[in-house]
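Alright, structures below, take your time with them.
Two complexes are shown next, each including subunit A; its partner changes from subunit B in the first to subunit C in the second.
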Partner chain A sequence: MRRHHDMGGLDAGPVDPAEHDYTPWEKRVDAIVRLLAGKERRLITLDEHRRAMEDLGPGAYDELSYYERWISAITNILIEKGVISVEELGGKMEAVKARWQEARE
Partner chain B sequence: MSARFIVGDRVRVRQAYPPGHVRTPYYVRGKEGVVSRMIAEHPNPEERAYGRDGLPPVPVYRVLFRQNDLWQDYQGPEGDTTELDIQEHWLGPLEEDGG
Partner chain C sequence: MSETHSHDDDWPYPHPQQPDIEDGPLTDLMIMTDAVAELLIDKEVFSADDMRRTLEAIDSKSPAEGARMVAHAWLDPDFKARMLEDVNAAAEEMSIDAGTIPILAVENTKDIHNVIVCTLCSCYPKYLLGLPPDWYKSRAYRSRLVREPRAVLKEFGTEIPDDVEVRVHDSTAELRYMILPMRPKGTEDMDEEALAGLVTRDCMIGVTVIDRD
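For the complex of A and B:
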């Protein structure tokens, strides 16, 4: 079986070679990955990270942007390893959303 | 671990389609090539991808393929080649393979 991400040789449309700016959250995701994989922590390996991105499945793999794939994959690994719990993450996301809404009102 | 192949050996990539994290691209499986360089021994990323240590380290070889062998409809010059780094457990000697 050919896995979805293993697309070498398939027609994937044109590549956009233009440089683009990274948004602050994308830079933050990059930093988080480096901190998690760094030798002080070693909470994830880059091999695990890559595997977790492949395991996002065809829909997510195509629809998410590059750094959205990164953060989704890291999230899944940290939950698998018990570094964070689903409950904890869900609660935090709700809290951030509420704070954001308050700030806009 | 001692390396099973040396530079110049003709090899065939295993034609296998296991589930899980695999570092040998689909398009090169089952194809024949020539070992062009011994890269190093590395902990196996196919194991490390699942949180294990990937030991013992696996020899990794650079293997040269003819583009015409990889792609049925290749339009480029006859002598075009491509090189890929492939782990030892993905390679077999050409003669044992039987095609």
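For the complex of A and C:
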């Protein structure tokens, strides 16, 4: 059975030639993945990362932006592997959010 | 380290954060990105310095390095042979770090035009050419290129004559491709630097050919 990411040969509209400059946030996601998959750590493999993105399901796969898929997938893998816990992540997200809000005021 | 520690010393990005330069409003996934990075730094999976250096490496990569290799290959047949054998090793000869994932260069000839895609995700020789353009990762490009490459190339303004074979190379996590474009006619007097200036990202992806005005 063909899964939703396996789109080679399917019909689709014209290629949209628009490009955007990568934002600092997107580059941070890329950097995290490079560091985790790099030969010094090999905490994840690229196939594992792709599989985790496919496991987000057809809805999320199409609705999330490219790097949103990446960070969602990598976070799921880190939780699955026990590198970080859901509780730690929740606490840290609160702290990051508070700091950002403070910086914006 | 706890989540309340100061980030003055190890926060890997300019501090304070500058959300206004980000693309649109802060989202939960942007917050999650920084939270994950901080947790991994706290747990010493990698250091803030590793993060900083990786961000610098990302910013330092551009199609210019691939273009330098192409120009060098045009001028030096022995180098070209080595590049077609092993891009990563050939890059090292020119003090270019092409990363550890093998890259295969495929050569355009008067009979064969090559173009690359990653139908399953977005594999791209980014350790050599920098981050890929958005359209490379798009559903339209990934879906259609393998079935109707000539039609897709036309959307990029590239008409491949009927007597030229079009080959599409589908990248994977283990093997990435780049195109070695044909050297345009009338460039016999150009030096390596000038030649490199002709080589664009898109012709190394294979969606365009080098067009000299």
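Odds and ends about this structure:
The rule we apply is simple: the second predicted complex is superposed on the first by the 103 of 105 C-alpha atoms of A that agree within 3 Å, B and C clash if a C-alpha of one lies under 4 Å from a C-alpha of the other, contacts with A are read in each partner's own complex, and residues count from 1 in each chain.
We adopt the following convention: a residue touches a chain if its C-beta (ideal position, glycine included) is under 8 Å from a C-beta of that chain, and two chains touch if they have at least 3 such contacts.
Just so it is clear, the structure is predicted and the values come from calculations on it, not from any experiment.
Steric overlap between subunit B and subunit C is absent once the structures are superposed on subunit A; the two fit side by side.
Of the two partner chains placed by the overlay, subunit B and subunit C both lie in contact with A:Asp47.
Touch criterion met: A:Arg2 reaches subunit B, while subunit C stays clear of it. In the superposition on chain A, A:Ala95 makes contact with subunit C only, not with subunit B. In the superposed model, the angle subtended at the C-alpha centre of subunit A by the C-alpha centres of subunit B and subunit C comes to 60 degrees, rounded to the nearest 10. Of the two partner chains placed by superposition, A:Val86 touches none, neither subunit B nor subunit C. In the superposed pair of complexes, A:Trp25 makes contact with subunit C only, with no contact to subunit B.
Smallest inter-chain Cα distance, subunit B versus subunit C, after superposition on the shared chain: 7 Å. Touching of subunit A by both subunit B and subunit C, each in its own complex, is seen for residues 6, 8-9, 45, 47, 50. Residue ranges of subunit A in contact with subunit C, taken from their complex: 5-20, 22-32, 34-36, 39, 41, 43, 45-47, 50, 53, 62, 64, 66, 68, 71-72, 74-75, 78, 83-84, 88-89, 91-93, 95-97, 99-100, 103-104. By the touch criterion stated above, subunit B contacts subunit A in their complex at residues 17, 19-22, 25-27, 45, 48-51, 54, 70-71.
Contacts from subunit C toward subunit A in the complex involve residues 3-4, 7, 13, 16-23, 26-40, 43, 45-46, 50-51, 54-55, 57-59, 100, 117, 119-123, 131, 133-135, 137-144, 146-147, 152, 155-156, 170, 173.
Those residues of subunit A whose C-beta lies close enough to touch subunit B in the complex are 1-3, 6, 8-9, 45, 47-48, 50-51, 54, 81.
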